[in-house]
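So that you can tell them apart, the chains are marked A, B, C and D in the order they are listed, and the count of residues begins at 1 in each.
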Amino acid sequence: MAGNSFGDLFRITTFGESHGAAIGVIIDGCPPNISVDESFIQSELDKRRPGQSKITTQRKESDTARILSGVFEGKTTGTPVAMVIPNEDQRSKDYSHIKDKYRPSHADYTYQMKYGIRDYRGGGRSSARETAARVAAGAVAKSFLAQAGIRIFAHVSGVGKIEAPNLASDDLDELLHIRESNIVRCADPATANEMIDFIDGIRKAGDTVGGRISAIVQNVPVGLGEPVFDKLHADLAKAMMSINAVHGFEYGSGFAGSEMQGSEHNDIFVNPAHNAAGLKTLTNFSGGIQGGISNGMEITFRVAFKPVATIMRSQQTVNEAGETTEITGKGRHDPCVVPRAVIIVEAMAALVIADHLLRNRIYDKT
Amino acid sequence: MAGNSFGDLFRITTFGESHGAAIGVIIDGCPPNISVDESFIQSELDKRRPGQSKITTQRKESDTARILSGVFEGKTTGTPVAMVIPNEDQRSKDYSHIKDKYRPSHADYTYQMKYGIRDYRGGGRSSARETAARVAAGAVAKSFLAQAGIRIFAHVSGVGKIEAPNLASDDLDELLHIRESNIVRCADPATANEMIDFIDGIRKAGDTVGGRISAIVQNVPVGLGEPVFDKLHADLAKAMMSINAVHGFEYGSGFAGSEMQGSEHNDIFVNPAHNAAGLKTLTNFSGGIQGGISNGMEITFRVAFKPVATIMRSQQTVNEAGETTEITGKGRHDPCVVPRAVIIVEAMAALVIADHLLRNRIYDKT
Amino acid sequence: MAGNSFGDLFRITTFGESHGAAIGVIIDGCPPNISVDESFIQSELDKRRPGQSKITTQRKESDTARILSGVFEGKTTGTPVAMVIPNEDQRSKDYSHIKDKYRPSHADYTYQMKYGIRDYRGGGRSSARETAARVAAGAVAKSFLAQAGIRIFAHVSGVGKIEAPNLASDDLDELLHIRESNIVRCADPATANEMIDFIDGIRKAGDTVGGRISAIVQNVPVGLGEPVFDKLHADLAKAMMSINAVHGFEYGSGFAGSEMQGSEHNDIFVNPAHNAAGLKTLTNFSGGIQGGISNGMEITFRVAFKPVATIMRSQQTVNEAGETTEITGKGRHDPCVVPRAVIIVEAMAALVIADHLLRNRIYDKT
Amino acid sequence: MAGNSFGDLFRITTFGESHGAAIGVIIDGCPPNISVDESFIQSELDKRRPGQSKITTQRKESDTARILSGVFEGKTTGTPVAMVIPNEDQRSKDYSHIKDKYRPSHADYTYQMKYGIRDYRGGGRSSARETAARVAAGAVAKSFLAQAGIRIFAHVSGVGKIEAPNLASDDLDELLHIRESNIVRCADPATANEMIDFIDGIRKAGDTVGGRISAIVQNVPVGLGEPVFDKLHADLAKAMMSINAVHGFEYGSGFAGSEMQGSEHNDIFVNPAHNAAGLKTLTNFSGGIQGGISNGMEITFRVAFKPVATIMRSQQTVNEAGETTEITGKGRHDPCVVPRAVIIVEAMAALVIADHLLRNRIYDKT
C-alpha cells in the first residue's frame, strides 16, 4: 500500500518528481461552495518557492499552480480539486555526477533498495519539491478553515542553538507582519537577525544547519480528534513527521513536560463564560488537546528539522557497485530549510484540522 | 470517521471501556501460519498489568486474554484474530464523585463535548486500560516479526529530570534481563534505583511525575516505509503519540539534531560486506530511516510522557453545570506511567513494523 | 490487505469461525446517543437463526449477542460497539470426513490454496455463520436509521423458477406481517405456499435450490451516495455480493432495463410539492438512485442466490493429495438459503445506508 | 468521505469535469519496473474515444493522455503515476439551455441537491467522460497484469433484446480480432450486424437503447480475493456498478443460477495435472471464484447498461424553481453506450485484478 495520500475525509494525493514534467495534487473531499482564490494559493506558494533570498536555494521556479477541476465560477463543487505545478528549471545535468552514488543522509540508497529503480535527478520523488503540492492543497484547506474562523500561524523558533523567546503576542496579524518582515521567518526581530547572520555564515562555509518551527492554531472548536488512535495530536505528529528532514515533534508541554510533576502540569478549568461549552484552562500544558480531542484552547506544537544533507564539501560515500568513492554537493540547495518550511508546516496543520473538522461532522448531537 | 483502528495491512481495531464488560481487539491482516503462544501473550500483558509493584496502581486485574478466532491448532489462519480481556476489578463506585465533574487534564470535558454522552466510570474509553488490547495485539505482531528475526526493545530512559546514560550494550537479551530486574524498567541499574526512589517519594507526596522511554528496533530489513506521507518514522510517531499521556516523539538525532550542522550530522556510508544491499553508516543520526524508508541500521526513537493527571491532592475544577468545584483523586492510580508503558511502546512499534513489513511485500523486484 | 471490514464511517469488522469459540463484530463509527435495545437485536438474530422450520438447517444455536462495549445506560457513546455471539452446537466431528477433501463449489480448495492452512470444521471462516455478526450490526444500524425514519424491507421474491408477483402494497408494516406469517418469508401468501412445497420436495430429494430476494428502502433523503466510485448502488452491490452464495445484483430496472429504450425508461420529474427538494418521478426505473446519488424515491434492488453447495448425495471430488474421491453431505444444512438470508440482505442494506448517511453529513450547505 | 478513489493497493483517484480544463488520474501503488508504453495507453483510449463511428457520439476529442510523473525511462518507479487528458471540444453553449433544468434520468437533480452547486456543462463530473481516466489507468493495470500472463476480454453480448450466442472460442486473440472488426464490438459477426442495424434505427428515431457486456479473465492464479467482504466478485461488482449507466451485475451462473438445483450447479473438481495447485472443475458455474477467492478457472461476468438518458425528443421535466417545463436533447450523444463501454469494463476489471494481485502478495506461505 503506497503512501502518497494524506487525510481521511479532506484527503490529498500528491504526485511528481523533482525533475519530471510536473508535480501536483488532488484534493478529494473538499466541501462544496468554498471560495477558492488563485492569488491566495499563489501567495502561499511564493512563501515556499526557491530563490526568495540569499539564505535559500537559487533554483528558479515560478511555482504556478493551475487548477484543472473541482472549481466552477470561483467555488468548489464538491468534486476533486486537481492542481498541477509544472517544473521549469530542471537542470538535470547537475545530477549526472550522482547518478550511481548514494549521497550521505539522502534517500538515494533506500529508494534504490526499495523500488529497484529510481529517478536520480534532483532526488526524484524524495525531493522536498513535492511539498509545493502540499502548500497548494494547504491553501485550499486554509480557505475552508477561514470560513470557520480558524487560523494557523507558524514561525522559525530555532536555528542551530539559537532559540527565539516565547511569542510576545497572540495577535496573528501582528505576528505575521513581523515574520514576513525578515527572510528567516522568525516572529522575533532581534532573534531573526541573529539567525540570518548565522545561516549566512554557515552557507559561506559550505555547510548547513538544522532548526525548529513552532506553530499555533487559534479558534479551533471543542471536539476535533478521534480517539483512540486518530487523536488530534497523533495526526498532527504524523503530518509533521512526513515533511522532509523532520526528526521530532512535540505538542503542549512536550519533552519539557515529561520532567514535570502532575501538581504543576495539570491545567485547571475555569468558566469565564459560565457556559460549559466555553471552559478555559488557566495554563495550557495540554496544548489545546485533551484525550486526543481539542478543548477549545489554542493548539501549540513544535517541529525539529535536521540540517540539510547536501553540503558543498567533499564527503566519502559508496556507489551502486559497492565501491567507496567521494561526492561533493552541486546543484542549488538551502543552507537551512526552516525559513521555507514554515509554510509547509502551516499547510500540513491546515490539512489535519480540515480533515478533523469534517470527521467531527458525523457526530450529530441534536 | 471514528479512529479505533490502526495499521493498514496488519490492522487492529480495539474496543472497550475501563469499567465495561471487557476490552479487546481484532487483528485483521495477520498472515497465516504464525505460531501464537498464549503464554507469551500473557507474559506481555503481565508487564503492563496493574498492581505489579509499589510504584504502580493497586487495581487488581489478571488481564487474561482469550482468543476467540483466527487461530487453529496453535497457528494463525489468515482470518481475523479476536482477543477479549474481561474487566474484573471494576470499583465503579470510586468514580461516582466525579460523575459530573471535569477532572483537570483528563478527557472528561472533551469527551462530553464531542459525544454528548460519556461513560464516566474510570475514564471510560479514554482510560489507559485500552492499551492492554494493544499489548495483546502487539504480542501477536512480535511473534510475526520474530520469524523475520526483528526484535524491539524499549526501556525507561528518563523520569522527571533523571536521565539514564546511553545503552551500554546492543545485546537485547542482556538489556532485557537488566530491565526486568528492576521495577522501573530502566536498563541501567544505578539510574533505575535513583528513579525508583524518586517515584516513591512522589507517590508518598500524592503527586505524579512524567518520564521518557527510549526504544530500538534491530534487524529491520532495508525498504520499510512508504513515502511521501507514510514514512516509517511518521507512522511510528503517530503510533507513539496515540498512547495515553504522550506529548513528544523524536527519532534518530531528534530535537538535538536540529541544533547540529550538516557536516557533523551526515551519516557516511561504508560497505563492510562489499555488497550494496548491506551498506552500513558510520554514525546513525538518521535513526535507521532515510527518506522515510528503513536503511538496515538500528531504528532508534524516544517518547515523552506527561505526568499522570490524577493526583491525590485537592484541585479546583468545574462541573457539568459550569460551576466551580473541588476534586480529589480517588481510585488507584500510577504515580508515573512509564514503567508500565514500556511494553505499550514496544507493542505499538511492533504493530508499525509488522504493517510496513506487509506493505513492503507488494514490491516484487524479481 | 485483509477484507473483514465493511463501510467507511459506519464501519464494521467481523470475526469468527463456524466452530470456533465465538463469532462477533465491532462497529466503529456508530454515532452517540442511539438507543440500543438488546431485545430488538435478538429478534433480528432470531430471523437468521438456524432451526427455525422444516425448510432450514437443524443446527441448534440460540445466537445470543452480548454487548461488550460502546453502550452505556442503553445508549451508544460514540465508542466502538463490540458484540460477541458464542458458538454452542459445534458438532465438529460431523466434519472430520471432509478434513482433507475439497467439497464441490465450496471454499475449501481456495482457502487452502490462499492461506496454506484452514479451519476445516464447518467451513471455518467461509461458513455463512459469519453473517450472524452482520445481522447483529445491522440491527444497530437499523436503530440509527429508524431515528431518521428510514425503513428497509426485503422478502423472498423467487425460489428456483417460481417468481412472486410485484409487491401488492408499499405499507411495510403490512408486508412485514405477511412475510413473517410464512416460513419462506415471501410477501405474497400464495407464492409462499408454492415455494414451501417446492423447497420441501427438494429437501426430501437430498438436493438444494437457489432463489432471489427483492428489497426496498423507504424514506431515504436525497443526496446519499458518493460519485464516482462509491455510488450508492455500487456500495449496495458490493454489500450484497459479499453475502455467501450471492451470484447477481441489480437495482431499479436492472437487467430488464438493458433491453429497453430511453424514451420508455426515462423517469419524468414532477413536483407535487411545488418544492425542488421534494421532486418525484412518475416511474422509478432509476430505483431511487441517479448518478449514484439517492433521489428521494424508493430504492429498489434484487439479489440472486445460487443453490446451497452441500447436498445429501454422493459427489465425486479431489482430496488434498490430488486423488479423486467421493463425498456425501453430512451435517445440518439448508435446502435453500433465501428464507434465512432475507434478514442478512436487510442488515447489509442498513449498513450501507447508515454509512452513506454519515458520509453525507460532511456536506454542509448552510 | 468523497468517493473518487478505487482500489486499496493498486489505487486510482480520478478528477475532472466534462467541460473543465482536463480530466485525469493518479495511480498510487503501481509496482515499480512495469514497462509503460504510451502508444498502448493511446490505443486503449481510442477504443473509448467519441466519434469512432456512426453509432457513437460525434463529439471530437483526441483523448491524448500525458504522463506527468511516476515513469522514468519507460518504466514505473513505484511513485504515483499521474496522467492528464485535456478537454478539447467543449461546446459548453450546447448546455446553456439545461442550465437550470433537471434532465430526466440524469444526475442534475441529485448533484444539485447533494452539493448545493454543480457544473452543469455536459453533466460536469457526472459525465461518462470521466471514464477516459479509468481507461488510461486500466491500460497501466493491464501492462502490470500482462507480466503475470493475465488477460481480460469483454465484448457486447446484448443490445436491447438482441442476445449474442456463447463465445465460440477461448482464444482471446481471435475473439479480439472479430470484436474489433465491427463497430458494435460484438465477438459474433452475425449478431454484430444485427445489433448495428438496430442501433442505427434507434439513433435515427432520436431514441436510445440499453445493452449488455460479457467479460472473461484468463490465467488468474488461485488465491485472489479477500473474504469476507472484499470477495473478488464483490469488488468486481462494485467496479462495474460504478460505471455510468450500469444497472446490473452477475458472475458465473448469475441470475440463471438462482433457478438451478445444487446437484446440477455444483462444479466437480478434477485433477488433470495430478497436482493440487492445478485443480480444474468440470463445469464453471462458479465463474472462477469460490468463497470469494479465485480458483484458477476462467472468471466470467456480465454487466447490464440502461439506455442513454439523453434522447433527441421533447420530454417533460422540472426546473430549479420547481416549475414544469420541456427539454429536448441537444449536444452529441450515443444512441447506445455499450460499444464504447467495452473498454471501460475491461479497464475496471484490470484494476480489480491488479489490486487483488497485490493484496494477495501479503500472504507468504514459504
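Heads up, the rule we're going with is that contacts are C-beta pairs under 8 Å (C-beta built on N, C-alpha and C of every residue); 3 or more make two chains touch, one makes a residue touch a chain.
The shown structure was predicted, so the numbers you read here are calculated from the model rather than taken from an experiment.
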Repeated interface matching B-D, over half of the contact pairs identical, chosen among A-D, A-C or B-C: A-C
Chain B against chain A, contact positions shared by both copies (same if over half, else different): same
Interface with more contacting C-beta pairs, comparing C-D to A-C: C-D
Between chain C and chain B, distance of the C-alpha-averaged centres to the nearest whole Å: 39
Gap in Å, rounded to a whole number, between the CA centres of chain D and chain C: 26
Separation of chain A from chain C, taking each centre as the mean of its C-alpha atoms, in whole Å: 46
Multi-chain contact residues (two or more partners), chain B: 1-2, 4-5, 8-9, 14, 29, 32-33, 78-79, 114-116, 125, 227, 362-363, 365
Overall pattern in which the protein chains touch one another (line/ring/star/complete/other): complete
Contact set on chain D toward chain A in their complex: 1-2, 4-5, 8-9, 11, 13-17, 20-24, 26, 28-29, 32-33, 66-70, 72, 75, 77-82, 84, 114-119, 124-125
Residue ranges of chain A in contact with chain B within the complex: 1-6, 8-9, 14, 102, 104-107, 109-111, 113-116, 125-126, 130, 158, 160-161, 202, 207-212, 222-223, 225-231, 233-235, 237-238, 240-242, 247-255, 257-263, 265-271, 274-277, 279, 281, 285-287, 290-295, 304-311, 313, 315-318, 320-324, 359-360, 362-363, 365
Of chain D, residues touching chain B in the complex: 1, 9, 29, 31-33, 78-79, 227, 358, 361-365
